[in-house]
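Read through the structure below, which is laid out as structure tokens, and then see the notes.
Labels run A, B, C and D following the written order; every chain starts at residue 1.
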Amino acid sequence: MSKAQPNPLEMLAFVVAKQIEDKQIVYVGTGLPMVGAILAKKTHAPNITLVYESGGQDPIEGPMPWSVADPVTWRKAPLTMEMSLSFAQAANGFVDVAFQGAAQIDMYGNLNTHVIGDFNKPKARLTGSGGGNDLSSLTENSIIVGLQTPEKFPAKLDFMTSPGHLTGGNTRREAGLLGNGPVAVITQVGVYDFEPESKRMRIKSLHPGMTVEIAQACTGFELLVPEDEIPVTPIPTAEDLRLLREEVDPQKMFITFPPQ
Amino acid sequence: MSKAQPNPLEMLAFVVAKQIEDKQIVYVGTGLPMVGAILAKKTHAPNITLVYESGGQDPIEGPMPWSVADPVTWRKAPLTMEMSLSFAQAANGFVDVAFQGAAQIDMYGNLNTHVIGDFNKPKARLTGSGGGNDLSSLTENSIIVGLQTPEKFPAKLDFMTSPGHLTGGNTRREAGLLGNGPVAVITQVGVYDFEPESKRMRIKSLHPGMTVEIAQACTGFELLVPEDEIPVTPIPTAEDLRLLREEVDPQKMFITFPPQ
Amino acid sequence: MKSKFEYNPVALENLQIKDPSILDRLIDTESVRQGNLKKERAKVDKRMTLKEAVAEYVSDGDIYADSGFSYVRTPLQALFEVMRQGKKGLQGIGSPNTNHSYGIPYGVFSYSHNSYLGAEMRGTDRSYSISVQQKKVDILSEWSHGAMALGFKAAQIGAPYLASKSMLASDMINHNPYVKVVDNPFKKDKDPVCLVPALHPDVVFIHVQQADKYGNARIYGPSVNDIALASACRKVIITAEEIVPESDLRNNTGGNIIPFMFVDAVVDLPFGAAPGNCPGHYYWSREFWEWGIRITLSGKSDEARDSFWNYWVFDCKDQLEFVEKLGGVRWIEQHRKLEKASNLTYEDDGVDFSYTSVIPKWD
Amino acid sequence: MKSKFEYNPVALENLQIKDPSILDRLIDTESVRQGNLKKERAKVDKRMTLKEAVAEYVSDGDIYADSGFSYVRTPLQALFEVMRQGKKGLQGIGSPNTNHSYGIPYGVFSYSHNSYLGAEMRGTDRSYSISVQQKKVDILSEWSHGAMALGFKAAQIGAPYLASKSMLASDMINHNPYVKVVDNPFKKDKDPVCLVPALHPDVVFIHVQQADKYGNARIYGPSVNDIALASACRKVIITAEEIVPESDLRNNTGGNIIPFMFVDAVVDLPFGAAPGNCPGHYYWSREFWEWGIRITLSGKSDEARDSFWNYWVFDCKDQLEFVEKLGGVRWIEQHRKLEKASNLTYEDDGVDFSYTSVIPKWD
């Protein structure tokens, strides 16, 4: 088998896969979370069920889609739900984990997908919420995936699209939101969780070659560092990489680095 | 053709039919309203659409059903709606007229299908609302059909299940209800409407052989009598009767008098 | 007992409800979510017998939802097994909730969230009326079909509550502790609306034409409230006319409306809707209902009623024995033809809807 | 102008909305009911050309709802005709409302009820971003997909408003004049919810696989928000891949989801979703989208953008000419195969998803 090392996107997809436990119902978008979820299904979590914003329930995997409503997200699904019902599935406790990306992520896991700069005089206007706010508000657990830079991990969001732990402590629950909020953040640097009391972002593991200093340098707020030794994130085996490259995303739509 | 006279139930069915205008969307239950609606469709109103609480939209007529969800109420319908959507159809303005029956009807067209006597010590416990309250609350126009006696047309209802004109005047609109409320009452005695200001029940026409005195004797409250001469309700032609007896309800499920 | 929710005190008084905590479970959305999070997630074979399903999933005191509509695709055989197992003190709910009355004389149902209990064109249910008079059943809330349907729908769409234009100004408003009349806050002009909370019965049986062993299920004909109920209820048991391979649902998606994850158990139960109608499979048994209504709803004779239910339910092993009593093979063949004539075709194919009398009579 | 409804004043200020009466029509449920009561009731032949339907049913300033999802069963050819006819000042709404951005540079869309405007994995829409910066489009409200979907659903189920757990505590609450955060009145404990009113766009085109000439319509694949939109919107135009006899819908009910009475016009429009995907008929045109996104969403060159839209929309007579430009018969054959490989089968049938370049490029 190949001894090739994972590129950063392959590493992200692999870490995503490892966050998924067998038998979970996983709400995925397109892109790396979908790559990771299908890898999980082909390895340690064969009994997971993938559901999509298209309403597709448990489709049969196919080529990587561009859109969450692409035929692949409901390919041969026994049923597809209307959009309102697809989010209700999360509200009603039928989703275990959802994956999220964002342009900005703060120390409490709150997300911005709306705007960079002032809302009315934006440096860049972004997409808006889409289903992001709903999954953050309704799903039992959410996991944030993205590339980590000080700009993308600022001290203050320009706009709060999707609630994480708000301002920490019990503020999320007091606001009437459902579920635990974000439980992990996965980047090219490491994996983060949220300290149980303050709900601030904390280093959980660092990828090979990464250090606390690098992690902090990639972050616009102060990361919490655990007192114990920080583990090194496990890396994919050669077989994991083969699966990723040959079976999960053979067209390399989402695992080519740098992205096309 | 036969010169036979209509029996009281046939007369009721015929008068129901005459209340329906061509092209209307008519929400029908089982029984006489369905008989009348199908007669209307076979005579002066070929372009009406019948819809049912089963959610059946524009089914093809068949044998008279016992239940509003019977196969006949959605026979070869292009679609059937969920129950919540079937009532929403009325709320959203896609129903022109609905027919209602009741154990008690008051002078404002309010209906009781709940209880005779005290709620907690009933002389008779009845069905409850079913869809009656919804159709009364949501439909643009409703028409009440029933046999007229002083007990069934009391001065005061034992329980108000379905709103008519409440206490008259603007009270229906002020309560937040939709539509015009009841526009007609059809009995074995005559046809009634509601006086525009007070919204009290008023004689509109009397069936052949009936008088104001008979009508009042069959009523537990004071009926309003128009100043002008009261017309005689037109009766079915021989062809109408043939259609009723041979095509609309050939098993005579609802037009046998006295009822079986 | 302390209740978790704010109930209309006038309605509590009118309904003579001393302990409102009995009302809580129907609208306790958060506990439903927590329960759903603990449901089996994997696609596993959920098949069991009807006996096992009733024993495991119906507890005394449960809020038991009717599904289908009256005698159309209603899980009557599941209800009969609930009666056979002598479950006690259930709260009946459903739009309509016609079939709950059978169990009241035997203590199976002791409470009613009433929307409609009667026999439509065949009149009122005198047996139910007597039960109400004798306080064998307590009414916990009065509903219109539309308002109750919206309560189930709210649960399905994840809305804690919604506003409706039903029920306003009626006496049901003061005989329903759950609903609240408020002013629409979106409008500058006064505009009363009736707030209906998400409704969550404890348990529902849903009879479907086809399901796979995981619980993915397909309905043909009116779905009534069943799509909403499959999502709203804590425990969902599918009784299926046919169990089909998952690939059948994957290849034919029309009518597929319940995903496996909502479902706790699947029962392979041909004739599970008999003596009612199962669209596409069999017509309802007119002879049974004519007599059933005459005997069981008339309230005339407790002996005749008991004899009727003994014969058809308590002394009946299962649904296949029930169908034998209806007439067996001959009944099946005739009722497949009638179903087709009533529904699947509309040309005049000369099918005779009258019936030959084969079952015992009690008067 | 006086507005009819109560709007969040903070949101009005944040969005710099001077005249809130522009917001009224989206939530004016009573006017929708009145309009629906005046709709044609009889089953009449509602077929007309796309040109006629756009001319008659899209008025300048209308609230125009997107349907389908991004490039899946989206009525793109109807949108292109709207652009060709030079409609002005539309308010765009939809979840997602991705495709509205094409018309902004030409003044077709001037307002956005924003839920999502971007190209998913292909990134943000730079052209939209520039339009926002240049105030070519004013944002009237910010939504999550779920909250907007519930607004359409509320309209469908006849609920004036409903409560949701989405949007709470986000900055969208202060950038949406419609929604209101209140305490759940059913609970004794504090429980904030977000009230979402029924949403009623003025006009929606819905592309379906089959419809009859009266407007009864069938969808195959994800219906997204379209069942709700067919009920929520004032004017509903069906563009159909195929017009079939009414008897086809009567005999095959799976997927039939829109009744004729909701529908104002029916357009026989094969390839009405091209260059997007029409499940069961054709795959989306990857080549078109790769280039379309590169040229039209990059914001790099107004000339290239104009040249692109001139070629594909403004100089294009109809959807058949559009398909000729995509590659004609060869495109059709290939995209039927790809649709089958992506959706209707899952065995490896050796279909190649790469494409041969046939269309003009602009860089």
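Everything below uses one rule, namely that a residue touches a chain if its C-beta (ideal position, glycine included) is under 8 Å from a C-beta of that chain, and two chains touch if they have at least 3 such contacts.
Since the model is a prediction, treat every value here as computed from it, not as a measurement.
A.B. asks: Can you name the chain that lies farthest from chain C, using the mean of each chain's Cα atoms as its centre?
C.D. replies: Ranked by distance of C-alpha centres from chain C, the top chain is A.
A.B. asks: Taking contacts as defined above, which has more of them, A-D or B-D?
C.D. replies: Between the chain pairs A-D and B-D, A-D carries more contacts.
A.B. asks: Once you find the CA centre of chain C and the CA centre of chain D, what distance in Å lies between them?
C.D. replies: 38
A.B. asks: Where the CA atoms of chain A average out and where those of chain D average out, how many Å apart are those spots?
C.D. replies: 28
A.B. asks: Report, in whole Å, the distance between the mean C-alpha point of chain B and the mean C-alpha point of chain D.
C.D. replies: Roughly 41 Å, centre to centre.
A.B. asks: Distance between chain A and chain B based on Cα centroids, please, to the nearest Å.
C.D. replies: Whole-Å distance between the two chain centres: 58.
A.B. asks: Using the touch rule from the top of the page, what residues of chain D touch 2 or more other chains?
C.D. replies: 150, 153, 157-158, 165, 184, 191, 193, 253 - these are the residues of chain D that touch more than one other chain.
A.B. asks: Which chain A residues reach two or more other chains?
C.D. replies: In chain A, 60, 76, 80, 84, 87, 91, 138, 178 touch at least two other chains.
A.B. asks: Sort out for me which residues of chain C touch chain B in the complex.
C.D. replies: 14, 16, 68-72, 95-96, 114-118, 120-122, 124-125, 128-129, 132-133, 142-147, 149-150, 152-153, 165-172, 175, 184, 190-193, 221-225, 227-228, 277, 279, 283-284, 289, 339, 342-343, 346, 353
A.B. asks: Considering only the defined contacts, which chain D positions touch chain B in the complex?
C.D. replies: Per the touch definition, chain D meets chain B at residues 32-37, 39-43, 155-158, 212, 216, 231, 246, 249-251, 253, 256-262.
A.B. asks: Touching residues of chain C toward chain D in the complex: what are they?
C.D. replies: 3-6, 27, 150, 153-154, 157-165, 178, 180, 182, 184-189, 191, 193, 195, 197, 220, 252-255
A.B. asks: Tell me, which parts of chain A touch chain D in their complex?
C.D. replies: Touching chain D from chain A are residues 29-31, 53-56, 60, 62-63, 66-72, 74-76, 80, 82-84, 87, 91, 114, 119-122, 124-134, 137-138, 159-163, 166, 171-172, 174-178, 251, 253-254.
A.B. asks: Which chain A residues qualify as touching chain C in the complex?
C.D. replies: Residues of chain A touching chain C: 22-25, 47-49, 57-58, 60, 76-81, 84-85, 87-88, 90-94, 96, 138, 140, 178.
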